[in-house]
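As written, the chains take the letters A, B, C and D, and residue 1 is the first residue of each chain.
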Amino acid sequence: MVDKLKIGVLGASGYTGADLVRLAAAHPQTEIAALTANTHAGKTMGEVFPHLAGLDLPKLTRIDDADWGKLDAVFCGLPHGTTQDVIAALPEQVKVIDMSADFRLRDVETYARWYGHEHRAPELQKMAVYGQSEHYRGEISRARLVACPGCYPTAALLLLLPLMGAGLIGENRLIIDAKSGVSGAGRGLKQNTLFCEAGEGLAPYAVAAHRHAPEIEQEISRAAARDLNITFTPHLVPMSRGELLTVYADLNEGVGAADVRVHLEARYRNEPFVRVVPEGVIPGTSHVRGSNFCLIGVFADRVPGRIILVSTLDNLVKGSSGQALQNMNLMFGLDETTGLGQQALFP
Amino acid sequence: MVDKLKIGVLGASGYTGADLVRLAAAHPQTEIAALTANTHAGKTMGEVFPHLAGLDLPKLTRIDDADWGKLDAVFCGLPHGTTQDVIAALPEQVKVIDMSADFRLRDVETYARWYGHEHRAPELQKMAVYGQSEHYRGEISRARLVACPGCYPTAALLLLLPLMGAGLIGENRLIIDAKSGVSGAGRGLKQNTLFCEAGEGLAPYAVAAHRHAPEIEQEISRAAARDLNITFTPHLVPMSRGELLTVYADLNEGVGAADVRVHLEARYRNEPFVRVVPEGVIPGTSHVRGSNFCLIGVFADRVPGRIILVSTLDNLVKGSSGQALQNMNLMFGLDETTGLGQQALFP
Amino acid sequence: MVDKLKIGVLGASGYTGADLVRLAAAHPQTEIAALTANTHAGKTMGEVFPHLAGLDLPKLTRIDDADWGKLDAVFCGLPHGTTQDVIAALPEQVKVIDMSADFRLRDVETYARWYGHEHRAPELQKMAVYGQSEHYRGEISRARLVACPGCYPTAALLLLLPLMGAGLIGENRLIIDAKSGVSGAGRGLKQNTLFCEAGEGLAPYAVAAHRHAPEIEQEISRAAARDLNITFTPHLVPMSRGELLTVYADLNEGVGAADVRVHLEARYRNEPFVRVVPEGVIPGTSHVRGSNFCLIGVFADRVPGRIILVSTLDNLVKGSSGQALQNMNLMFGLDETTGLGQQALFP
Amino acid sequence: MVDKLKIGVLGASGYTGADLVRLAAAHPQTEIAALTANTHAGKTMGEVFPHLAGLDLPKLTRIDDADWGKLDAVFCGLPHGTTQDVIAALPEQVKVIDMSADFRLRDVETYARWYGHEHRAPELQKMAVYGQSEHYRGEISRARLVACPGCYPTAALLLLLPLMGAGLIGENRLIIDAKSGVSGAGRGLKQNTLFCEAGEGLAPYAVAAHRHAPEIEQEISRAAARDLNITFTPHLVPMSRGELLTVYADLNEGVGAADVRVHLEARYRNEPFVRVVPEGVIPGTSHVRGSNFCLIGVFADRVPGRIILVSTLDNLVKGSSGQALQNMNLMFGLDETTGLGQQALFP
C-alpha cells in the first residue's frame, strides 16, 4: 500500500469545494489534510455542509493558517481574482489544481478585459496548463499548475474540439445555446438564485457577455489554428445541477450528420467519461447528475446543410470538481478513473 | 346589461380546457353553459380539477350530449385529429375557437404529412382563420372558425412577423432554440412528464421534428412572401408553465440591434398584451406566469452582424386559452382585453 | 361612479407588497397612489418586480417622502419591529391594514418576549383589531387599525376557532404540523432560501420556537375562554407558494369525525372564501395557489377517538395580502369579495 | 480475491431496481448476472434507464427466462402481490432480499386485510426475517429470505425501536406526520405523480389508510411487548427523493428531551449509517440524498411533557435499495458497509 496523497481544498465552503470533498472522500488514494474557508474558519465541514457531517475531516481554517508543507496537492475553489496571489505563495512542491477562472485564459490581456483587473501572477499563467482532461492529457500529466476549464467550456470543448480542423462543419460563428442549473451561480447570496426567483421559471442571463465565451473561443481557435468566435447565450434553469448545450452548425458540402457522428464516436470510443449516445437517444442532464460523465448527441436538422449537436454534463462534477480530481489522477500517475466511478443519481 | 355569451368548452378535462374555464370565470360577459369531456362525463369540474371546485359550473357531459342550440361559441381543446369531425357537425350559428392543431396548417397536404392522416374537414379548413390575435385581428373579427396558433408559434410569430419584409434581419434559416414548461405536454399519462423524470433536469425533445416548426414556417413565409425555413429545437424544462424562445439571426448590412428594437417597439407600442422590455432587462417566464402577456427582448450579439432575440409567454394563456379568449372578444365585438387583465403570478 | 379609494403600500419591495399590488390592480374601487420601499426609492415597481411592469403605478419612494394626506388607507408590509413607529406617525384619517407582525399579539409583554424588544406603540396596540376576516368581521368593519394574522395563524384559526367551545374535540395541547412554501421567508437574502438549499429537499425549522405559535394560542384561548397551548412544528417545502397544516386532535367522548365535519360545514356554508371539501377529497396547496381560498379537510383517524384535520391556503394571499384586501373591503363597506374573485392557478 | 457474488434483480425497471443497480455497480464483491423486467424484456438497462447506460450489464429478460442456477442472491423489486409466487419458485440455494411488501407483515391475516388478497406463500412468510438492518442484524445474517421494510417503517423504526420499553416516552398512540418525495410512488403512470400535479404543491394522501402504518405498529408492538397503535399521515412533497418523519410523543414523568437524546445517541454511537444530529442542528432530506444514512433529531417541545422527534432518509436508498444491499452484506458475511460509502449528493 503506497502512501496516500495529502490534499488540501482552498475555498471549501462553496459548492465546488464541497463536491470535491464528496468525491475525494471516495478516492482510495487521497487523504484530505487541509480545508480552508476564511469566513468559516474554526467550524467543522459538517457545520457548513451537513451532508458531509459523517466524514472524518480536518476543521476549516483560514488560508493563512494552512500547513502547506505536508500537502502534495491543493485544489482551489476560491472566487476568481483571489486565487492568483494564493497560488503564487505556495511552496513549489505542491501541485495545484485550480478550479477558479484565474488561469484559464492564456492571454493575460484577455483576462484583464473580461475579469476587470490586471492579472496578478503572469509568470504562473505561463506555466499553467489548460485542464480539459480528455484533450490535454499529456500536458496535464506533466504540469504543476492545472487550470481546470469552466463548466460551459468543458461541455462545449468535448463536443467541438474533435471537429476543429476535421473539415466537417463550419467552424466559425457557431451558435451555442447553453442551459445551466442554479448551482453554477455558487452559494453566495444573490436575489436571482433564491428559490422563489429561480424556481418555476427560466430566463437567459449575461446575454452575449458571459466570461466563458472567450474561453471557448480560445480553445477552439487553437484547435482550428485560426481565430474563431461564437455566439453564446446561457440560461438559468430551475434545477440544482446539470448543464446542457445545444449547438447549431453548418455542415460542409457533402458532409452529413452521420459523418459527424462517426467522427465523434471514433474520438471517444475509449474514453471512460465521454459517450456519444446512440442515434435516436436524446441526452438529458438527469442522465449525468452527480457523475463525471459527459454525453454527446448528434442530430440531423430538417434544414439541409445544418446539424444540431448536444452536450450535457453535471456542472459541479465533470464541469468542475470531478474533472479536477481526474486531473489530479493524471498529475500523480494514478489510473485516471480512480474515485470517479460513481454512476449518475436518478431520479 | 347585454345578455352574456353562452360558451361551451369541448375537452374541458385537459390543462388547456381548465385554464380556459379559469379565465372565462372572470370574464364579465360570458356564461359557461356546456363542458364536455368524454372520459369524465357525469363528473363535476371540481372533481376533475379541484382548484375550480368553487365555481358554479355545469357538469361534464359527453360531446354527443351537449346542447349546441343554446351556445354562442365553443372552445375546442380536444386532441388533434378529433376536432375536425366535431366541428364539422356543429350548427352554423355557433362560432368556433379551436385551440387544437387541426386547422392551423393552411395546406391540408402539409397537415397530412405532419399529423399522419388525411385532413377530415378540408372545406372547413378553407374558411378557418389563423388566430394570432395581434397580427390577424381583422380576419379574426369576421371569422366563424378561428384556429388558435400553437404555443411555440405564438411566441415565435409575435417576435418574427414584424421583422419579415422589414429588411432588418436575414429571414431565412433562422435558429429558434425553444424551452417549455411541462404543462405543454398535457395531462395525459406519459413517462417523460412524471415528476421524477421531468424534475431536476433538462433535455431537448422532438429535435428537428416538432409539428410547430412547419406552422412557424407557414406564417413567416406568408409575411415575407417567400418560402422560409427554420431550425427549431424544443427543450423540456422543470417548470409547469412558461415558454421562452431564444432566436439567433443575422443582421442585414448596416443594421444594428437598436434598429430592430425600434422597429419592434413601434409595432407593439399600443398592444395591450405584447411588450418589448427596456434595454438591459432580460425577460423571463416568471414575469408572465398565468397572464396573457408576451415579453420580447432584443440583444446585440458580441459577434458582429448578429442579433439575439428573446420571446416569452405562458404557454397555457397567451400560448393557448388566453389568446383563445382574446379571439372570442374580437369575434363578438367586445373590448379585446375583457377578462384578461390578470397580472402575472410571482413568485 | 364613486371615487376610488386611494391606497398606499409601505414596504412594496417584498413578496407581500408585490402580491398586494397584483391584487389591488384588479380591484375596481382602489387606486394605488403611493408605494414605498426605502432601499429601492426612485425605482419603478417594474424594475423591482418585472411581472408588474405592465401596470401604471407611482414610483417607489422613501417612507418619509410619501404624501399621507391624499391616502384613504395604507397597507404595511414592513419587517416586524419597524411598523410601530411608522403607523404611530400616520394622520388619523388614514386607515391602516397592517400585514406585519407588530400588532398581532394583544399583550405587549408577550410581544416583547417573542420579538425581542419592547413594543413601541402600546397605545396603538390597544385599538388594533385582530384581522382574521371571517371571525372578526364586525370589529374589522369598525376599525382604524387592523393587524392581519400571520399565514400559519390564518390557516390554523379558520380550522380551529369554530371548534373551540363546541365540545367536539380536546382543545388543549393540539398538535399542528405545518408545511410552507419558501415565499413565506420573504425576499431577503438568506442561505436557506437559495434554490440549491431549499430545492429538492424538506426540513423542519424553528422547531418549537416559531412566533406564530403564541399567536395561534392567543386566539384559540380567547375562543375557548381558557389558556390553551399547542405543539407547532413548521417545515420548509420546495415550492414557492402555499401552506398546509395537518392537525391532530382527540375527539370527545361520543363524538365522531362526521360531527366535526357537520359543524365546520355549517359554520362556513355561506363564506365565500372558506370551503370544507367533500368527504374523500384531500385538500392540497395547488388547489388554492394564487387565490384567496382556504380549504379544510376532515378525516377520521384509524386510532379510535382521534381526528386528523387539514387546512390549506396560499400564504401570500389568504395568508397575507388577500386577507388584507378583504379587510379593506370590510373597513370601507365594500362587498367583501371585491377584487378577490381570481381562481387558483393550476398547474 | 474471492469470487464475486452473482446477483439478480427482479423488477429492474422500477426506481427501486435501478437504484439497486446503481449501488451494486459500485460494490466490489458483486456481479450483476441477471436483470428481469417482463414488460421491457429484450431491452438493455440503458434503454430503460439512460443514466445507467455506461455500465456493462446483462440484458433485461422475462422472469421465466432467468437462469437461477447461477445466482447467489436475488433482489426483488416487484409490485406487491406478485413476489410471493416468484420467490416460492426459486431454487433453495438462492438467497432472497425482497424489497416488495409481500413478506413484511408477519401475520398473513393482517396481510390479507391490508393488501386485499390472501397471502400466497404462508410457508415462506414463516421463514422470512424482517430486514431492518440495525435492529435485526443477527437474524438477517442467518436468513435465506429477508423482507426489507418499507421506507416509512425504516425511518420510523430507527427512531422508535430504541425507545420502546425504555420507559422514556408514551409508547402508544404516537403521532407520525410523514413527508415523502415523489419517487416513493414508483415509475408507473399515475396522474398525481405527473410533474404538473406534484410540482409546486403539497398534499397529504392515504390519510389514516397507508399500508405502512400496520407495519410500523407490528414492529413497535413487538419491541414494547404489547399492542400499540399509531396515527400516521403521509404527505407528497415536490421533490424526487427523500423522506422525513416528524413524530410527536409524550415524555414520561421526570424525563426530559435530553434523556431521550442520550439514549438514542448511545444506541447509535457505533452504527455507520445512523446518526443523531447534534443539538441545534435540524436534519433535512437533502443531507442524506442518494446515501444510505438516516439522521435523527431530538427537540424539546414548548409544551411541557412533550417531545418532537425527526427522522430522515433517502426513500430509495436506506428506505429501500441501500438497506437491501446492507442486508446482502450481512447475509454473506461481508463488511456491512461494503459498496455503501457514497456520501449524500448536495446540492
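In the analysis below, a contact is a pair of C-beta atoms (placed from the backbone, for glycine too) under 8 Å apart; a residue touches a chain by one contact, two chains touch by 3 or more.
What you see is a predicted model; the values in this text were computed from it and never measured.
Within the contact network of the assembly, the step distance from subunit B to subunit D comes to 1.
By count of C-beta pairs in contact, A-B exceeds the other of the chain pairs A-C and A-B.
Look at where the CA atoms of subunit A average out and do the same for subunit D: the two points lie 36 Å apart.
Centre to centre, using the average C-alpha position, subunit A and subunit C are separated by 45 Å. Look at where the CA atoms of subunit A average out and do the same for subunit B: the two points lie 39 Å apart. Chain contacts: subunit B has residues 15, 183, 196-197, 199-200, 238-241, 283-284, 286, 289, 347 touching two or more partner chains. Remark: subunit D residues 15, 182-183, 187, 189-191, 193-200, 238-240 touch subunit B in the complex.
Residue ranges on subunit C touching subunit D, taken from their complex, read 173, 175, 177, 179, 196-197, 199-205, 207-209, 213, 229-233, 235, 237-242, 244, 246, 248, 282-286, 289, 297, 299-303, 306, 308, 310, 312, 347.
Looking at the complex, you find that subunit D touches subunit A at residues 15, 18, 22, 25-26, 49-55, 183, 199-200, 240-241, 275, 277, 281, 283-284, 286-291, 293, 341-347.
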